[in-house]
Amino acid sequence: MSDKQFYESLDEVEPGHTFLGSNELVLNMGPQHPSTHGVLRVILKLDGEKVNGLECVLGYLHRGIEKVAESRTWTQFAPFVDRLDYTAAVSNSLGYCLAVEKMLGVEVPKRAQYLRVILTELCRLASHQIWLGTHLLDIGAVTPLFYTFRDREYILNIFEKYCGARLTNHAFRIGGCRWDAYEGFSKEILHLCDDLLPKIDEYRELITGNRIWLQRTKNVGYISVEDCRSYSITGPVLRASGVCWDVRKAQPYSSYEDFEFDIPTGTASDTFDRYVVRVEEMRQSIRIIRQAVEGLAEGPIIAKVPKVIKPPVGEVYVSIEAPKGELGYFIVSDGSAQPYRVRVRPPSFINLQALEKMSKGSLVADVVAIIGTLDIVLGEVDR
Amino acid sequence: MKVVELLRKIFLIDLFQGLSVTFRHQHPDDLVTEQYPIERPEVSDRFRGQPRLKNDADGKTLCTACGACALACPEKLIKIGSLRDPETKKKVLTEFGFDVGRCMFCGLCEEACPTHSLELGKDYELALYTREGMELERNQLENGIPRKVYEK
Amino acid sequence: MVQQLKSVYGSGICEATTFAGQNYLVVDRAACHDVLRTLDEQMSYHCLTDLTAVHYPKDALPFEVVWILYSMSANERVRVKARFADGEEVPTATDRWAAANWMEREVYDMFGVRFAGHPDLRRILLPEDWTGHPLRKDYDLQHQDTDWVRKNLGIESGQ
Amino acid sequence: MKNILGYLHSNLTPGEAGSLFWVTVYVLLVFAGVATIVMFMNWFERKAMAHMQVRLGPMRVGPHGLLQPVADALKLLLKEDLMPANADKLVFWFAPVTVVMTAFCGFIVVPFGPTHAITDMNIGVLFMLGVSSLSVLGVIMGGWASNSNYPLMGSLRSGAQMVSYEVAMAMAVVSAVMMSSMATGTGTLSMIGIVRAQMQQHVWFAFSFFPVGLIAFAVFAIAMVAETNRAPFDLPEAESELVAGFLTEYSGFRWSLFFLAEYAAMIAVSSIATTLWLGGWLRPFPNLLAGKNWDLAFSLVPGLSFMVAAGLCFFFYTRMPKIRAMRANAIGQAGLGCFLFALGVVLMLPGVHERIQDIYWFTLKVLGFMYLYIWYRATFPRYRFDQLMKIGWKVLLPISIGVVILTALIGVRQELFALVWR
């Protein structure tokens, strides 16, 4: 095919369709791109290096999990939710179990609630560590990725010892937990907490004061509080804008009211503040874990639930504070053993919507930083 | 205070701080790499890996062919064939198929098993070059699959 | 709150109940947009947490669209539900919440419910030229767009 | 024949001596040497970065992965050579060639020792700067010819970046050249001349007029990182933004040419820095610790250092686990130890150790720079494009101009005082 033919064939595909001024450059980032965190595709409209507009194309990882739910029983669907946000599988699992338990009206035993808190907070640490590593990698610092992944590995080891799987754990069951703490569980976790704190300081030493890092993140990806509301942004991104709101405090679940912890907030609502908020959240998670391990009482780990779960007809919406933001499950039951509808409110999907707003007028390099700071997981965006 | 900050900036203190962190980590004690085929990871007791069918001391299967695992499986990948023994009127297991290629290793089958005959074991090298061979037969599940050990 | 809404919309509010400690309003389809506006502007339900739909194929009005609102000051959630017929257009919420944009696109993608006044109503998760709306109950689980799979992936079947 | 052997007793570089044979030999030697160092750098970078990142790096091919670059090179040569359908074929083909040519041309004037240079030009520094800045042409050609957006943006960035940092770099060089005039009254642009000037003035230029020389050196050291497109200034090939920048459409052999050129350019600019500020081939304290005995002691260091390396090899050989899987590795390591030991012995031979020590000290200094490059890359995030430009024009350029003025003022301070106090 000659060049002429090639360009003519382009015209046939999109007759007269041009969304460009003559000096705009369209850059197709993704779905295979080093810093789109999976298979996000962003179409950038550039004027030189400046971003004039962008459009996200989603769905490259769509697996129809909400449809899958309709043909599984309530119990069988639980392993599938781990595949939503695979960097924080335990959180997904917790949200789903809480939703079904709410519908059944089951009270989870205290010990199971504490175990759940310990594991979800460990999972938050692991998720934030992945975020930190990949975000820094996007901005060009290669090394922190390996440090954070090394530290995450210790957390995954605990997951493996507790429930036998490292990534998509399927750790909880409806009504409580499947496994009790293994021998040496508390000691190991306390030890891990002691180890992790200096490591978080190490990340800070490596990066927080670094002028390049400051220049790359300060005033990048600003979003106002009003826009946060309008875009329904939740999680660390919201908190970095100064709104002190966290589902764990606002509507405590799984005994979070028992623990003392602070909600870190930022002021500038930029990429740097989100970084500070998340790193501080890691410290707070360690604080919660310590309290939970100390308060871990003896007792049953699973409530009495029927073998075949048939919730009453009705619908509930239950949300938890996942590492990425508010993770909600809206479930509808028709009284049968299979869910009628399970809707996941994916924090990544909804936060990602603000990408266009945040990156308009910035440079290409900033878009990459903003995708990183939103902390998206495509498994959750595309479901 | 201002002067100190200015001096820190001029003498690139922040950058040297970062450099010192990376320099320190070159210490051989900090290495965490595991050289996989030579050093093999220890998996935990609860690890969910290669499925196994357990036999009792006499070598007879513990499985009663009740089908609870097949019912519990979210992916519906367990196929059980059974015959009713005309004498004892009990179900006898004839075949047991487990498609590891579709398995999520969620552990629900293991939980459903009343006789604890099916378990997800500790073997973790399940990769094959093709999808054939992913569907495990009964004797593979009972005796395990000899895996080629790669040394180099 | 219910009283206040009822006094304004009268029969527009069909039902206001609580299930498992969660409040929801069933609203007439004609009034839903106004109810959302009142909730946002006068009752501090400023956040649109989620927007989704449920399909009841046997009912006369098969599509139930659900708006989940959250009030940060009252720390309370409320669900607003309205029923729509197949092919009927739902008033969009994008004029009020920017977040509704993708949520409505997803509902359109999965259920085929169209939103009137949406700025850019296209499929979001599935490919543009896919046929059918998978989360409808009459969408067979074994079914897939074989033509699409053949054309774009070059294989006989994705199953 | 007589001419050829006669050269060995002369004190001239082959270019000056006009001996075609020795020029050819030197060109080949330099080319082979640089290519070997690039290979070694490839391994060293992966290894050093891996250790900074708490990993091991290549371990499988050869002892501690030493043969990894060979394996990589083989793979690259065997790879299918792809060219985009709508690429400008001629320019696409010519771009890597240009880059490699310019990168290696610079080595014509690099003095590895008082006589170990291909030639000594009286405009050596200028030649080197000019040639190394030509490589931007190749990068722009490659980016444009690929007919793709990422390479285009990468090459645009590269063009802007190299042009702006060239200025600061040249200004810093001017200061060093001015310093070279201090003892004799006439400065020189010849690389060998500058090193000789440092010898005569008893000081490396990095430490002369303290801290002026150091500032000029720092400016050059920063600008040279930007000039060679390395982290934290690696925007033209910023992986997380532009995939691979101007290299995106290149693969196989062409890509390896770019790779070779990048490392050769790094070595070239490091050689400039070494020559101008760190005393080139001079051994430590050539004046303070002068005398026959000191000369002998220092000239034995190269051989001894190789022997120490060999000793380390043997030591780790004994600590290796004695399992079958490690046997090939262990043999390789022992072999490497023997090779290093033999090399050490050869370097200690009389007649060799006097001649080789200049090259050794020069290489050691350059390798120090190489380590810095790797260290930066492992530590720093990447600058954004506008910030990069800001540093180039608003920070480095004013500083380097200031340094030039300061050097000039300090250089003529006696005349100035005389003028004022008259």
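Annotations for the structure displayed:
As written, the chains take the letters A, B, C and D, and residue 1 is the first residue of each chain.
We adopt the following convention: a residue touches a chain if its C-beta (ideal position, glycine included) is under 8 Å from a C-beta of that chain, and two chains touch if they have at least 3 such contacts.
Computed from a predicted model, the values in this text were never measured in an experiment.
Touching chain B and chain D at once are the following chains: A.
Of all chains, the one whose CA centroid is most distant from that of chain D is C. Of the two chain pairs shown, A-D and A-B, the one joined by more C-beta contacts is A-D. Chain A and chain D have CA centres that are 45 Å apart.
The geometric centre of chain A is 24 Å away from that of chain C, both derived from CA atoms.
Annotation: 40 Å between the Cα-based centres of chain B and chain C. Under the contact definition stated at the top, the residues of chain D that touch 2 or more other chains are 52-55, 378-380. Counting partners per residue, chain B has 15, 18, 21-22, 25, 32 as the residues that reach two or more other chains.
Residues of chain C in contact with at least two other chains: none.
Pairwise, the chains that make contact are A-B, A-C, A-D, B-D.
In the complex of the two chains, the chain A residues touching chain B come out as 72, 75-80, 143, 147, 150, 153, 157, 160-165, 168, 170, 178-179, 182, 202, 205-207, 209-212.
Against chain A, the residues of chain C that register as touching in their complex are 19-22, 24, 46-50, 52, 54-55, 66, 68, 72, 75, 77, 79, 97-99, 101-103, 110, 123-127, 134-135, 137, 139, 141.
Those residues of chain B that touch chain D in the complex are listed here as 15, 18-19, 21-23, 25-26, 28, 30-33, 35, 37-38, 151-152.
Within the complex formed with chain A, the chain B residues making contact are 9, 13-15, 17-18, 21-22, 25, 32, 43-48, 72-74, 104-108, 111, 120. On chain A, the positions that touch chain D within their shared complex are 3, 6, 25-28, 33-35, 49, 136-143, 145-147, 150, 206-207, 210, 212-213, 215-216, 363-366, 368.
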